[in-house]
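For reference, the structures are reproduced in the following blocks.
Shared chain: chain A. Partners: chain B in the first complex, chain C in the second.
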Partner chain A sequence: MINKIFYRIINTIFVAYYWFVIVFLLFPILIVFPISFVNSKYLEFPPKNFSFRWYINYFNDTDFFVATFNSIYLGLGATIVATSIGTMAALGLSKTNFIGKKIIFGFLITPLIFPLIILALGLYIFLARFDAIENFYMLIIAHSALVMPFSLIIVSTSLQSFDVTLERSARVLGANPWQAFWKVTFPYIKPAVYSSAIFGFFVSFDELIIALFISGKIWTLPQRVWQDLRYEIDPTIAAVAAILISATFVGILLGTILQKQAMRFIEK
Partner chain B sequence: MKTFYGEPVIFNNVFKRYGAILAVDNFNLEIKKSEFLTLLGPSGSGKTTILNMIAGFISQDEGGIKIGSESVHNLPTEKRNVGMVFQNYSLFPHMNIFENVAFPLKMRNINKTKIKDKVHYALDLVRLKDFDLRMPHELSGGQRQRVAFARAIVFEPKVLLMDEPLGALDLKLRERMQIEIKRYHKEIGCTVIYVTHDQGEALTLSDRIVIMNEGKIIQIDNPNNIYDKPTSKFSANFIGETNIFNIKYKHHENEHFIEFENIQTNKEEYSVSSLNNIPNLEYKFISVRPEKFKIYDGQLDINKNYLVCFNLIINEIIFLGDVIKYICLNDNNYEIILKITRTDLSHIFKINEKIKVSFDIKEAVFLSI
Partner chain C sequence: MKKKYLLILPAIILTLIIIVFPVFELLKSSFFDPEFTLRHVEKFFSKYLYFKVLINTVKISFFSTLFCFILGYPTAYFIAHSGKKFQSFFLFLILLPFWISILIRTYAWMAVLGKEGVINTIFVALGIFSEPVRMLYTTGTVYLAMVQIMLPIMILTCYSTMIRLEEDYVKAARVLGANPFKAFYRIYFPLSFPGVASGSIIIFILSMGFFITPALVGGKKDMMVGNLINFQINQLLNWGFASFIGVILLITTLLIVILFIILTRYKMNNNFSS
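Let's turn to the complex of A and B:
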């Protein structure tokens, strides 16, 4: 009897703790939404008047507009490069077995664990030597390196459950290696490839530090926001943040759905 | 669609090494056109390696393999035109049943109406009509295996490879599928090379069985002879159960005699001159199947020269339904297995009961290795 009450209390405490953490983590993100609809010139909470003026301001600001498209192009470019390379690396590593395979895998995912600011500094010094600062292609390559581990890890995970006899089966039934890959292996890893591409896109889209170091005057959206925060805090950035958060949320949701789909064929 | 016919498969002095291990050791075999041949052996005996070499997944280190009259050495897997059924079915999970079976036809650029006809012929053969739009994960194990079979034969391969296809199914289903596979083979008539470690399956299905161990062929023969005339201790033990007796071979007074080593028998030596095939001097063992023993009931004339008779103590009784298996020990703690059919209910023994049994030496198989 006492035991039962004791466990109920413990249970309630943990549930309360859980919600406290959730709110604590989400509140700073969610607070942006009401602030973005203020009518005043300053960031204020709770907002006194409701308006869309800062949204309109964002869409009318050429600087923001250019920065947004820079970020989209950058994200797309980095995603295409990183997803192709990451997928190929995952395929290569899954099909072979050699000494040092794990070392290569570890090496390929270093951008994920390496302090970003050190990476950015290294890139800056390296690119400055070749006079390649403020070069959009270099920015794409730098972001590709950052994003590639996501593809490698997500696609590798999906390949772990891939039955290699499926590919053999395709071969013996008359498919050449190229056909066997596109008809059998790729459909299997496709959801993983797409979801890793979505995650990758948002990693690149939100990235600030590397861009700050090497993009020069080619401003990305995070950089533009950063600029704003430093010099003239106005509620436009709240509007931008609200849009960014919404877009990221939808994107990640889509990615998660795709990943769920990837698990669909795997037998229990 | 009419039935089609197989091609022979010929192995000439084939070797395959994995590091220091000889996986296939001088393999010579001619598999006849339209034959159902089973490669039977314990795991690691090289039987799957042989299959993979025919399919072209791995290549031999030495020797030649021919399908029909064509050497396949430089032929990539997809050009060999062999069908294959895998143990784990290996159906493409993202394709429905129709697409799975149509896959080999699509790879061969066959036109759509023909594909439809052939796929439906194959699905009819395996009794899976109207399953076109189902997905593999919606099917039971047995149904999946049938789809795998339909897919393997739909493009009319001359040779069909089956790698433990029933290994993942339960016993009842396995027995039903054996009958099915036999029927398919009869209808299609392609050469089937079947790999299994299940001796019952091999005996049921095959025209010929190849017993393999450590990359070598131990014996090739039809199921009857494999069971009745094993040529080595390994074959005798691997197929069914048997009792091996060590013997000494003697020749005196112009007659051939044998003497048992580890067992106290009613006579010291038995004349074997009267046997149809007089065994030669190299024989060191005889193999006696458990069902060849008779319980001594006083009626038999134990003085007959071909009747071997001895005492046993029953150590364990295994009830198998139609037969009872007795695991017995003789005076030297040497284990002997008897199988007694239950038609005669007068012989029901208990553990530790002493019994006297006999077998006819004319029914024993003489072995040298």
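Let's turn to the complex of A and C:
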């Protein structure tokens, strides 16, 4: 009996703790939405009237418009490069057991935990030697390196449960390696590839530090936001933030569902 | 089957170009100008200010990691031990802020805590504050924002070790007479420690290189090494010295991480053998 009450209390404490953490994580993010709909330049409480003024401001601002499209192109470019290269590496590393495998895997995921400020600085000095600063393609390649580990990790995990004999049977039955890959292996890892592409897109789309150092006058959306946050903040940023948060929510929901699908065989 | 290794090649080349060459370049420009020089080394150690920024960075990173552990470990435990049905929903709520841009999350704190921010506006309107209180540009806000940004990482790494943990060992300890606290402390915690360790290492490394958040919500005295590097480049155009600070940051981070690994290994071994 005492035991039961004891566990009840412990359980309640854990539930409360979890929701406290969730409020801490989500409250500041959600507060951006009401702010983006105010009509005045400053916050007012209670809010007097509702308006789309700052959203209209965002859509009419050429600077923001250009920056948004730069970021979308950058995100798409980096995602395509990184997902292909990352998936290839995952395929190359799977089903093999050579000595250096762990080392290579570790090496390939270093961009995930390498301090970006150091990377950005080194990259600037490196690229400056080849006169490759303010080059959009260079920016895409740099972002690809940051995004690639996500594909590598997610696709590798999904490949762990892949039965190699399937691909081998396809080959025995006369398929060439290319056909065997697209007809047998790819359908299996497809959800993992797509979900890693979604996650990767957001990594690149949101990246500020490297873009700040090497993109010169080609401004990405995070750079444009950064500029505003440092000098003058007006609620247009709240509108941008609200749009980005909503887009991220939809993307991540989709990515998570796809990833669940990719893991369906592992759980069984 | 040799051809298979060719698939790894593009990834290796990409990582070489974007990580290895730049780091090499960084090392070069901090010691060569164009001949070998120790100018930047002398400069760094001649002024206490630079060293203070480094110490401050280590301090902020250490406490951010600690706070993430305190908040994250019980949360991960709760998620890992809740019903299968709710687990993915609980996890999704943690994942969502993780994927929202750091810049936007930092802005959100500015909107909440600023002079014209949500808390000040509401509290003044309700008469709790007589005038707006300065909360932005303080050390406390730097911690608040950094912990909020890093916390999901700790929860995810802890969670992933907890769901794979052999619950039987804990049961065995209980059957053999250990009380729940002892079973947790002697069995469960050591078994889940790899998650804590990898979360801590990742958060510590990322915090050491933090730059956006302290620049936006911190005061002058909350300057971190990342901001110092940016200042050297943007205001003083001193690339060589900025590179040397980068090298110092890298070495300090590496040494602390190695120390952490050695210390925790030692402690873990002791725990199991005694």
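Here is the rule we use: the second predicted complex is superposed on the first by the 256 of 268 C-alpha atoms of A that agree within 3 Å, B and C clash if a C-alpha of one lies under 4 Å from a C-alpha of the other, contacts with A are read in each partner's own complex, and residues count from 1 in each chain.
Just so we're on the same page, contacts are C-beta pairs under 8 Å (C-beta built on N, C-alpha and C of every residue); 3 or more make two chains touch, one makes a residue touch a chain.
Computed from a predicted structure; not experimentally measured.
With the C-alpha superposition on chain A as described, chain C and chain B fit side by side in the combined arrangement. Which of chain B and chain C touches more residues of chain A: that partner is C.
For the combined model, the angle formed at the CA centre of chain A by lines to the CA centres of chain B and chain C equals 100 degrees after rounding to the nearest 10.
When both complexes are overlaid on chain A, the residue A:165 reaches chain B alone and has no touch with chain C.
When the two structures are aligned on the shared chain, A:56 is found in touch with neither chain B nor chain C. Of the two partner chains placed by superposition, only chain C is touched by A:91; chain B is not. In the superposition on chain A, no contact is made by A:254 with either chain B or chain C. By the document's definition of touching, of the two partners only chain B reaches A:174; chain C does not.
When the two structures are aligned on the shared chain, A:238 is found in touch with chain C, with no touch to chain B. Taking every C-alpha of chain B against every C-alpha of chain C after the fit on chain A, the minimum distance is 10 Å.
Looking at chain A, you'll find no residue that touches chain B in one structure and chain C in the other. Interface of chain C with chain A (complex): residues 4-8, 10-12, 14-15, 17-19, 21-26, 29, 71-72, 74-75, 77-79, 88, 90, 92-97, 99-112, 114, 116-118, 121-122, 125, 148, 151-152, 155, 201-202, 205-206, 208-209, 211-212, 215-216, 225-226, 229-230, 233, 239, 242-243, 246, 249-250, 253. Within the complex, the chain A residues that touch chain B are 163, 165-166, 168-176, 179, 183-184, 187-188, 265, 267.
Within the complex formed with chain A, the residues of chain B that make contact are 55-57, 76-78, 80-84, 86, 88, 90, 92-94, 103-104, 107-108, 137, 151-152, 155, 161. Residues of chain A touching chain C in their complex: 14-15, 17-18, 21-22, 24-29, 31-32, 35, 42-46, 85-86, 88-89, 91-93, 96, 104, 107-108, 110-111, 113-119, 121-123, 125-126, 129, 141-142, 144-146, 148, 152, 199, 202, 205-206, 208-209, 222, 225-226, 229-230, 233, 237-238, 241, 244-245, 248-249, 251-253, 256, 260.
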